[in-house]
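Next up, some structures in structure tokens.
Both complexes below contain chain A, partnered by chain B and then by chain C.
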Partner chain A sequence: MSRPALARAAIVAVAWLALATFPEWSQFWESSRFATGIIRQILIFAIFASSLDLLVGYAGLPSLGHAAFFGGGAYAAAIAAQRLGTDELVVSLGAGILGAALLALAVGFLAVRAVGIFFLMLTLALAQMVFAIAFQATDLTGGSNGFSAVHRPILFGIDFNAAGNLYLLVCVTFLLVLLLLWRITTSSYGRALVGVRENERRMRALGYDTRTLKLSAFVLAGAIAGVAGALSSYEFRFVSPNDVALSTSVTGFVMVLIGGAGTLFGPVLGAAVVLLIERVLPSQLPAQTVLGIVFILFVVFARQGIAGALRRMVRA
Partner chain B sequence: MIEIRELRRDFGGIRALAGVDLRVEAGERRAVIGPNGAGKTTLFNVLTGELPATGGTMRLGGTNLDSLTTWQRARLGLARMYQRNELFNPLSARENVLLSITSLGGAYRPLRSPTSAEVAGAEAVLAQVGLEGRGAVPARALSHGERRQLELALALARRPRVLLLDEPTAGMSPAETQRIAALIAALDRSLTLLIVEHDMDVVFRLADRLTVLHEGRAIAEGTPDEIRSDRQVHDVYLGKVVES
Partner chain C sequence: MTFEDALQQALNGLSFGALLFILAAGLSLIFGMMDVVNLAHGAFYMLGAYVALSVTRATGSFWIALIVAPLALAAFGLIIEPLLLRRLRGRHLDQVLITIGLSLVIADFIRLRDDWGWGATVRSLPFPAGLDRSIQIAGSDYPTYRLFVIAFSAALAFLLYVLHRRTRLGALVRAGVGDAQMLSALGVDTDRLFTLTFAVGAGLAGLAGVVAAPVFGLQPGMDIDALIYSLIVVVVGGLGSLSGAIAGSAVVGPADTFGKVLFPQFALALIFAIMALVLLFRPTGLLGRVRIGR
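Let's turn to the complex of A and B:
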């Protein structure tokens, strides 16, 4: 490993350790518990946004239906745990990943046949169908009342009902997902996705089956969104049609664009900005309006997002 | 190596290819010439599968291409240098060539970077087309001539059996034209070339045989000397080229 790569790895390791031990070193701060909860939610949505970025930023697939896999994963985790009568993490998280991946396979099979605005509209329409199913399949999903009292899982005797344990689970999962995405985006496969984004015609002429390549990215991103969805169901102990709704898809898209598409840490920063505005801003301020203004500012003045702006500052 | 029979392609009421027959032997260097609108680029687009044929059959090394997609034809060994560069602009020249090379090993290596052999292969191809030392430069930052060289490198890196060259010297200065023509002339003789080109000096320098397309039909075929002395070809194309 080169010296700059070692330095980067050391910075990431220290930052993650600081994050993972936040509840301990901040315990004397009166808002420590509140802040820990917000960080948990930021990390969960960071996983969701990062999975969407694999499509939007790397493969050039602007999906507006990604919440279908986030919510789909949340429902699958909760329903599997309840129906199978087990709180084992492997079962519910596995069901969340598998459920979201299968859903992404079905949606992606149709969606990757279209490009550009048609792809975007197709993902939107198909996700709305998933939303309608979540809303109407009352026996399975609880319909508009949602699926409440979701059990938090256990793993090797570790009970994630304890807030500290749940925080660690989210932190470790976040790290693993980010490492996986880093490996994928720097691999031959990840570069092939960038190739599809930049020039699909040439990729076909080079012998790449681009439709299958896009479908594989769609399923992979869906499966990772399913991880975020399962963690969300543990966090809130509740899953509702809102988790598969268009508003959640749009939130993910805003996170990616504010943070910086096509970058590893951009969506993480975007998730932090969006959730801090939504959940920490004083209640007198209209959070959605503030978020809208922030979004417009980024689209007009900093299209590369926070990550792009930081990169320019470092280079300057 | 290439066998085309009665190839037709219609655009609405316009017949771009009106039953083209073409047979190119392995290792042959064949130029396809003709006036604008003769169907040369359409022939390439249909041959690579980017446009479906309206009728006729195509074979590559004995394999029927008719029902195959563009990427399947590429895997059979058909490569193309486009008339308008089709590069991956934000990526470096090296990454451009690597995308071509890694396609040989399969796209699904999500946890592996390109191997050192693949990186060395990319450097070798860049050197072959005269881009040594330019591997780290983004494709969009290269000069027009260098972008044409990179376009050729992308096509060569897959080690194809047949290379389609669509106006390889398009938009080049005389010096750049000489350089790219020399690069093509130096390619391995086992590689079958099909060249579409308007620069007749380049055509007569590179081609073993020529096929002349006019209004979607092959009206003549022969050696450079035979084509030069063909009255019909002179009337529909070469005379006009000389006059212009």
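Let's turn to the complex of A and C:
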């Protein structure tokens, strides 16, 4: 390992340890429990936003239907745990990942045929179909009521019903997902995805099967969104059609754009900003309006997001 | 299904298709001219319906609302286009993204305006006087308002066709769809033309909202439903042409209506299946000029 890489790894390790031990070192702060809950939710949505960024920022696929896989994962996890009558983490998380990946395969099969704006239209429309299924297939999904009182899982006898354990589970999963995404985006496969974004025709001329490349990225991103969905079902102990709804897709997109598309930490920053707006802002302020206006301002004035603006500041 | 039922459902499908045409025409027009899929189209539709609700309450007349609401939405479009979209000219994806933000703000605005009689509860707009009864068709009663929707939409299609083919403005729009840059080089103020097109598209969305309100009512979420249906119509029919909007709504309207009657559980799956088939085998849509897929 070269020296700068070693230094970077050390910074990441220290930052993660600080994050993972937050409940301990902040325990004398009166809002510690409240803050820990918000951080847990930020990390879950950061996983979701990062998976979307693999499509939006790296592969250049502006998906407006990513909630289908977040919600799909949440439903699959809850249904598997309930039907099989088990609280094993491996079962429900595995079902969440598998369900979301299969769903992404079906949606992606059609969607990757469309280009640019049409890809966005198709993902939106197909995700809305998933929403309709979640709403109408009452026997499977509980309809508009969804699942309430979802059990929190156990692993090797560790019970994630305890808030502290759940926090650690989220922190560890977050780290693993970010490491995986870092590995993917710096690999030759990730480079090929960026190549598709920049000039798909040239990539095809070079002999890449770009449709398969795009579909594989779509399934991968869907599976990771499924992880976030399963975690969200443990966090809120509730799964509802809202998890599959367009507003959730848009929220994910806003996180990616605010943070900075095509960067590893941008979506994490974006998730933090959006959730802080939603949870900490006085509740009389209309959250959707604020979100919409922030989104418009970022598209017009700061298309590179916070990460892009920071990078420019460092360079200047 | 008896013959009477089938006829009734065919009329329902036709009137739903007629409504979808009004909705999709505006989306298609804006796309044809500006290469922007206006994802606030559903929000414009919703806003049109709520403006019509307020106007009808204030004046007691649906017909005044039918004129005022589309004009209000067109005026809104006249403000929004130069304000938000013009500065992003040439950045199509960003223009599309802006319209998502706009639709969030509009939907939230409507949800919070309880004091205007809007808000999050379901509202209804009564059928206009004279069209609130049924007539006998093939031995069963059929609401006259739905027949009015069919006639109204056909008249609108004819009007749009004449405007498009027989007027100077129509010629400019056709030229802009063909090559906006060249049109601008020839000395036409394309910025003004874009703004006007966007305003007409927004007005059409508002018009669809007014026409639909007595049948479907007004509630949160209607914006997304309208957006999804209009997207499906333009994908099936083909984007950017009037005939594409007609073809798409003629397929999707009846298909959706019969789907809901024959297999209520899979109604949505049916129209999505149609969309998937069109996309796989005819990537431009039935009558489109733009390739949506490859």
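By our rule, the second predicted complex is superposed on the first by the 315 of 316 C-alpha atoms of A that agree within 3 Å, B and C clash if a C-alpha of one lies under 4 Å from a C-alpha of the other, contacts with A are read in each partner's own complex, and residues count from 1 in each chain.
The rule we apply is simple: contacts are C-beta pairs under 8 Å (C-beta built on N, C-alpha and C of every residue); 3 or more make two chains touch, one makes a residue touch a chain.
Source: prediction; values computed, not measured.
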item	value
Partners on chain A (chain B, chain C) - clash or fit	fit
Angle, in degrees and to the nearest 10, that opens at chain A between the C-alpha centres of chain B and chain C	80
Which of chain B and chain C A:208 touches, first, second, both or neither	first
Touching partner for A:172 - first (chain B), second (chain C), both, neither	neither
Chain B versus chain C as contact partner of A:199, first or second or both or neither	first
Contacts of A:186 with chain B and chain C, given as first, second, both or neither	first
Which of chain B and chain C A:120 touches, first, second, both or neither	second
Chain A residues touched by each partner, larger count belonging to chain B or chain C	C
Touched partner set for A:15, first chain B, second chain C, both or neither	neither
Touching partner for A:286 - first (chain B), second (chain C), both, neither	second
Overlay on shared chain A, then closest C-alpha pair between chain B and chain C (Å)	11
Intersection of the chain A residues that touch chain B with those that touch chain C	none
In the complex with chain C, residue positions of chain A that touch it	62, 64, 110, 113-118, 120-122, 124-126, 128-129, 132-133, 136-137, 246-247, 250, 253, 257, 286, 288-289, 291-293, 295-296, 299-300, 303
Contacting residues of chain C [partner chain A, same complex]	35-37, 39, 84, 87-88, 92-94, 96-98, 100-105, 107-109, 111-112, 224, 227-228, 231-232, 235, 265, 268-269, 272, 275-276, 279-280, 283, 292-294
Residue ranges of chain A in contact with chain B within the complex	183-184, 186-192, 194-195, 198-199, 201-210, 213, 216, 220
In the complex, chain B residues that touch chain A	48, 50, 69-71, 74-75, 79-80, 82, 86-91, 95, 98-100, 102-105, 107-114, 154, 158
